[in-house]
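Two complexes, one shared chain (subunit A), two partners (subunit B, subunit C).
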Partner chain A sequence: MNVGDKLILRKSNVSDFFSSLQGEMQLIAPKKRFAGDVVFDVVNSPEEIVWEYGHDIYPPGKRYIFPHYEDMFSYRRGEQISIDVAAEAPKQAIVAIRSCDVTAVRFQERFFSTPIVDPFYKARAENTVLFSLVCNEPPKKECFCICCDGGPYLETGFDVQLTDLGDRFLYEIGSEKGLRASEPRQQYLEPSSEQDIAERKRIELHADSLFQTASYIAKAIIYITSDEVPDEVWEELGSTCFRCAACTNLCPICTCYTVDDRPEPDGSFTRCRSWDSCQYAGFTREASGHNPRPTFGSRVKRRFYHKASFQYIMRDGRHGCVGCGRCVSSCLTKLDLPSVVKKIRRAMHDYIEPKSRPTAFLQ
Partner chain B sequence: MSTEVKTPTLTGAKPRNMWGVTGVPTGNLYVPMPAVIEKIIVETPDTKTFRLRLEDPKHAEWFTWEPGQFVELSVFGAGEAPIGFASSPLERSWFELTIVNRGKVTGLMHELKEGDRVGIRGPLGNCWPLEAIKGKDILIISGGCGLAPLRPAILYILANRQDYGEFWLLYGARTPADINYKYDLVEWEKRDDFHVLQTVDVGDESWTGNVGVVTTLLDQVKLDAANAVALTCGPPIMIKFATLALVKMGFSEDRVVTSLERYMKCGVGKCGHCCVNHVYLCTEGPVFTYAQLQEFPETRA
Partner chain C sequence: MNDKPTTCGFCSCGCALYVEPRKSGLGIAGLCPSTTHPVSTGRLCIKGWNATASLVRMDRLQTPLVRKGDELQPASWEEAFAFTVDALKRVMDASGPESVGIIGSAKTTNEECYSLVKFARSILCTPNLDGACRFYDASLIPALLDTVGVAASQVDVESLANAGSMLIVGANVMEQLAHIGSRIQDAVENGCNVVAADPRKSRLAPQARLFLHPKPGSDLTWVRALLKTIFDRKLYVDTAPQMPGFEELRASLDDVVMGVLPQVCGIEPDAIAEAAALLAEKKPCVVMFGLGVLQQQDSTLLVKALVDVALLLGGSVMPLRGQNNAQGACDMGVLRGYLPGYQPIDSAEARAKWEAAWGCSISPQAGLSAVDMVQGGVKALLVFGENVALSAPNTERTLSALENLDFLAVSDLYLTETAQLADVVFPACSFLEKDGTFTSIGRRVQRVRKMIDPVGQSKSDLEIIAGLASAFGKQITADPAAVMAEIAANVPMYAHCSYEQFETGWGEPWRAEAATSRLAPIPATDLQPEDPDYPYQLIASRINFHTQTGTMASRCGILTREYPESVVELNPSDAEKLKLRPGRVVQVSSKAGSLTRRVAVSDAVPQGCVHVPHYFGGDSANMLADYVCDPVSGVPIYKGLPVKIEAVS
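Presenting the complex of A and B:
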């Protein structure tokens, strides 16, 4: 068995395979909850895994590797200050995670390890194996991963990738971590045939054809890097934002966090980090009252600058959008990437003469 | 105008940071080192200087810093805040932090007494380019508590006075009561090789010095801008007008060096609060030249 192997996991063996894996680590997978909702959660047995689900709005990769609230350490005041660093991260496998979320996890892994290694993120990421599931068709109408290089299937970056081929899964091993999770369960895996690979190819092409073709991210990169979008346009866009921060909290890539010292009932304190959002006015407000980003427009501009500017692409190795569509389905005032690109495009026609537009050289 | 080659090292001052080669002595970037408050000096009604000593000798041995760097100060029970070093870098057994009582962390810090314990993560950030500017005339412009991060640089230059040319300090405060380091300023004004000019925005009965914003003092400065470097730190509005005035005086944009301030949490380039465009102030800043700042549209005022 090697990295790069393409194997077959029969659906009749899926239960045994994941039962065996569950002996080594906890399984996190889409699971039926109240009223038919399917969300990622710890499953007690592999039968609970829902393999055909749409899209979990709460990004599972970020949720279990960079949790919404994470205790860093606790301390006790007194003659001496005693500090206890948080316990080790649990071993876990996230099963049936979508390609876009895997891409986002890889983005976060890179961010949290360069140039400085974040010890808490590293501990969790090292103990997490991702079993990603190829989307045979776009799970939601908001999906635009194909435009952002986030899916619907992966070439690299996965630990194990599963493709639903009807009565069986194509089982691809993409990393050492995936290999280590697969080797003890070799008896459930069998070699794949050329027919399986061809079937996979057919599914890829079919899935590709179901997406709308639109180059949102390419346009966003041009508009934002050029810095020629007038501030009035940003203010106009920002005027509808009511800073609920759904866009950044649900974004599987967003990494910003804040740190708080939480008092505990026993008199100790816990230093805890939790997701923060650049869309909040207090995100940059200093103790003196000075705020470098005082307006809604400046904060909306900031969010898209971080997502799509060339400077950040150089830093992070890719743009900050995987096209999961969560901001599209969550933002009530349409400040998601596709809508903002469309609005900027329209506004630029009103503000800037065609010959001085950043795309002028194309004409 | 000078035809001299620009000094690229001005922008490249990279001291050892806490994540340096040897790693952090606490074993985790986010875990602070305990420190004891040895002495508290009351500067102004809302500002105190705290002299701190790291409790663990192993931490103290590992801990070296350069003027312009800062630490994340943990006030246990409140949280963390970024504070710049304010004492002489030549003193290695202790260091001082000057803190204005403004928010939750600094508020609780002001209630602490000598002998109490706080936490220190650092040193963080880059530093004033003191090596690269040797041989140059130095002009320091600072306002209010902006003198604190410049004080290590001033004390370093005074200790190595022969390495530098003319040395000027322009310092502005809101009122005479808001002047920091009065004990230092008295000593500095006595020196022949250090020109110190002070001003206040609003004077009182006993004030006989200059009145007006700090940039009004620039008329009295006699310096050859072609061979001089300006270091500035203060409120954003002061930095803006000082920078514009200096450029007008003939300072080239890469000879005006400033230390920025942002809200900050982690100090290691992860939490995202201190970003100025694509640059993380905590790891790549806070010291920048005006030429560098031109590249960040967010700092254009």
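Presenting the complex of A and C:
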């Protein structure tokens, strides 16, 4: 068994396979909630996994490696000062995670390890194996991963990738970590046939043809990098913002956090970090009261600079969007990436005389 | 993560959200909205996303407190209950049950509200029971009962996107009720004509086809002109002339003079004609109004006028009530003069029904309103879940009246300004720590589910009410499901509700079926006279990051970080006239009180007005108001107050 192997996991073996894995680590998978809701959670048995679940708005890759609220350490004050590490890094497998979210985890791993290593993130990431599930069709109309190199299937970057072939999954091993999680369960895996690979190819082509949302991010990268989008456009965009920050909370790529110290019932304090957002005024307000991003427009601009300017692409290795569509479904107005990119393109025609677009930033 | 969601306790939109408890200690590990819930649809506002940070904290009240000497000291629940019952018995023995008052909350669950009413009416037998709505939106109750016959929104949040036209008056809806704001944006995208009216240019501006900026307090004048225009141009629907009250309404508008609009309201007559045309052009029309209307002078009449606009155009009304259970609390009868289900207390038939249900005798008196009670109309007062010290007008007088009470008991999450004056303080649970139901603005009765364990020794208000009843030797159940069964059996609009039914899905709104709608005549009223000593008019608005008196929101780090300091906003020309630069500290005073803020300058504020956003705790803009109330509903006038501005050196 090697990295790169394409095997078959029969659906009749799925339960035994993941029960066996559960002996080594906790399983996190899409789980049924109230009235048709599905949210990822720790499952008690593989039977609880909802394989046909569409998409989870609460990004599982981000949530279980860079938690929404995370205890970092606790301390006591007074004569005897003590500090204890409170962070946990349980061994876990995230099962049926989507390709876009795997791509985002790789982005965050890079962010949290360069140039400074974040020990909390590192510990969790090292203990996490991703069993991603190919989207045989886009799970939501808001999905646009195909425009952002985020899915619907992965060529690289996965630990194990599963493709639903009807009565079986194509089981691709993509990393050493994936290999280590697979080897003890060889008895459930078997070689794939040429028909299996052909069927997988057919699914890929079919999935590619079904996307309803397009994001012409290439144009936005040029306009934003060359700083050509007039401030009026950003302010107009910002004027409809409801300031909820769901766009960054639920973005599987966004990494911003804040820390606060919480008093506990036993008299100790816990330093907790939680997701924060560049869309909040308080995120950048300085101690003097001056805010370098004083308006909504300036904060929307900030968000899209981070998503699509070339400086960040160079630093992070890719643009900051995997096309998961969560900013589309979670926004109370229309400040999601595809809409904003569309508005920027249109506004460039309305605001600016046609001229040749600079390409200097590429040199 | 909990398998089932709860209902957000911040505003009346009623989003469903999932909560992941923290493994140990206080707080949560995660939170996300439901995607299938018809309102939240995978989305939350800033308060929803930060709902827990302000609730689950160590500075919550951990134990009951009882006043010993000058100090509030921790006590056991038994001690606190016994102390309360002794004090109440003492006051009632000396001065009768009329000397006791109860103010309920629009934040507590339906089960708690209902049990509080039962406690007040059947155990204390006091006529003095009212809700916190008296300080906010109670004027819509008589206005809607007299016209459409149903004291609730006729529209639900999810159908707003299909509106053809909207009239939105006196509501900062984009900041206060984000999900409704979002649906307004959707409606505009679908071609809806939005006519907005607000003295200040609010964040509704990008959505409005026409934005009227009437002078504060002048709404009745231009709404009468709008009604007159609808009549004169025959813009009403074909069925309107058959509606009762049609001719009376027309006759009541005979004295409308369009020519006075520029001077009285600062609005050109042409703008009213345009508004009427825009509203009549596309159907259905939805008329919305917020506290700008509900806390204005003659608010009941003004609400009726807006209902008339909706009825003439064949549309519907949506009062924008802010608090999470504003609707349910009134449905349950936490309302002066009413029994549950809006049955009037002066009806012998209604009383007989509830006397049979509760096995008691009910006083036919309407009793005192919450405004009367906080002015010292009673000797002993019980306040559940409302920081009346800040929500009542004339803070100085209110505080001294509360201090002079023989006995004050308060149930709240924190040691609020009101609780600090109490003789007994009950530590109440937040909505995350208890079971029950809230009724949303769209009349949907929704489950509140216990997500985490209660903080400290706190109890739900239902348990507190049950505990008090038991200390009186009476019985009220602390089981929310049993209370709902009793509600369903006795309140017709809740007949479809049961805890089994709540497990099957998101539920249906209670049916807002009216007998017949009736148009109300809208006579002119006297305008507030101008006072040369107080040349500016106050605009108090609500902002995104704040809710009510700040008991909850002011404790959330993210929310306070977004809005760390309140300001007073002036039009640039007024700032220049007063020689005030931004940042200068000023005192804004009315006859009733004053507050101090830094100046900010904004074109959004009209000349001659001062904009004071409601702010977290401390000195609420309410302190500038006095006990001058709408004569019908008794809601104090908080809007358009005459004030003056002085620089503080």
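Note that in this section the second predicted complex is superposed on the first by the 348 of 363 C-alpha atoms of A that agree within 3 Å, B and C clash if a C-alpha of one lies under 4 Å from a C-alpha of the other, contacts with A are read in each partner's own complex, and residues count from 1 in each chain.
Operating definition for what follows: contacts are C-beta pairs under 8 Å (C-beta built on N, C-alpha and C of every residue); 3 or more make two chains touch, one makes a residue touch a chain.
A quick note: this is a predicted structure, and the numbers were derived from the prediction, not measured.
Colleague: Under the superposition described at the top, does placing subunit B and subunit C together on subunit A give a clash or a fit?
Modeller: After superposition on subunit A, subunit B vs subunit C: fit, no clash.
Colleague: Quick check on the superposed pair: does A:Arg315 touch subunit B, subunit C, both, or neither? Answer first, second, both or neither.
Modeller: first
Colleague: To make sure I follow: the centres are taken over C-alpha atoms, the vertex is subunit A, the ends are subunit B and subunit C. What is that angle to the nearest 10 degrees?
Modeller: With subunit A as the vertex, the angle is 80 degrees.
Colleague: Could you say whether A:Thr333 touches subunit B, subunit C, both of them, or neither, answering first, second, both or neither?
Modeller: It touches subunit C, and subunit B stays clear.
Colleague: Under the stated touch criterion, which partner chain does A:Cys244 make contact with: subunit B (first), subunit C (second), both, or neither?
Modeller: After superposition on chain A, A:Cys244 lies in contact with subunit C alone.
Colleague: First (subunit B), second (subunit C), both or neither: which does A:Trp51 touch?
Modeller: The answer is neither, since A:Trp51 touches no partner chain.
Colleague: Looking at the overlay, what does A:Phe120 touch: subunit B (first), subunit C (second), both, or neither?
Modeller: first
Colleague: Considering only the touch criterion stated at the top, classify A:Asp260 as touching first (subunit B), second (subunit C), both, or neither.
Modeller: In the superposition, A:Asp260 touches subunit B and subunit C alike.
Colleague: Note down the smallest distance between any C-alpha of subunit B and any C-alpha of subunit C in the overlay, whole angstrom.
Modeller: The answer is 11 Å, the least C-alpha separation in the overlay.
Colleague: By the touch definition above, which subunit A residues appear in both interfaces, subunit B in one complex and subunit C in the other?
Modeller: 258, 260, 263, 276, 285
Colleague: Which bits of subunit A are touching subunit C when the two form their complex?
Modeller: 33-37, 39, 41, 57-58, 63, 67-69, 71, 239-240, 242-246, 249, 258, 260, 262-266, 270, 272, 276, 280-282, 285, 329-334
Colleague: Which residues of subunit A touch subunit B once you look at their complex with the stated criterion?
Modeller: 72-73, 75, 77, 80-81, 83, 85, 111-112, 115-120, 227, 255-261, 263, 269, 271, 273, 276, 278, 283-288, 290, 292-293, 302, 305-306, 309, 311-312, 314-315
Colleague: Spell out the part of subunit B that touches subunit A in their complex, as residue ranges.
Modeller: So the residues of subunit B touching subunit A come out as 19, 27-32, 34, 76-81, 100, 102-103, 106, 117, 119, 235-236, 261-263, 265-266, 268-273, 275-278, 283, 297-299.
Colleague: So in the complex, which bits of subunit C are touching subunit A?
Modeller: Per the touch definition, subunit C meets subunit A at residues 1, 3-5, 16, 18, 20, 22, 25-37, 41-46, 48-49, 57-59, 174, 178-179, 181-182, 185, 203, 205-206, 456, 505-506, 544-545, 557-558, 561-562, 564.
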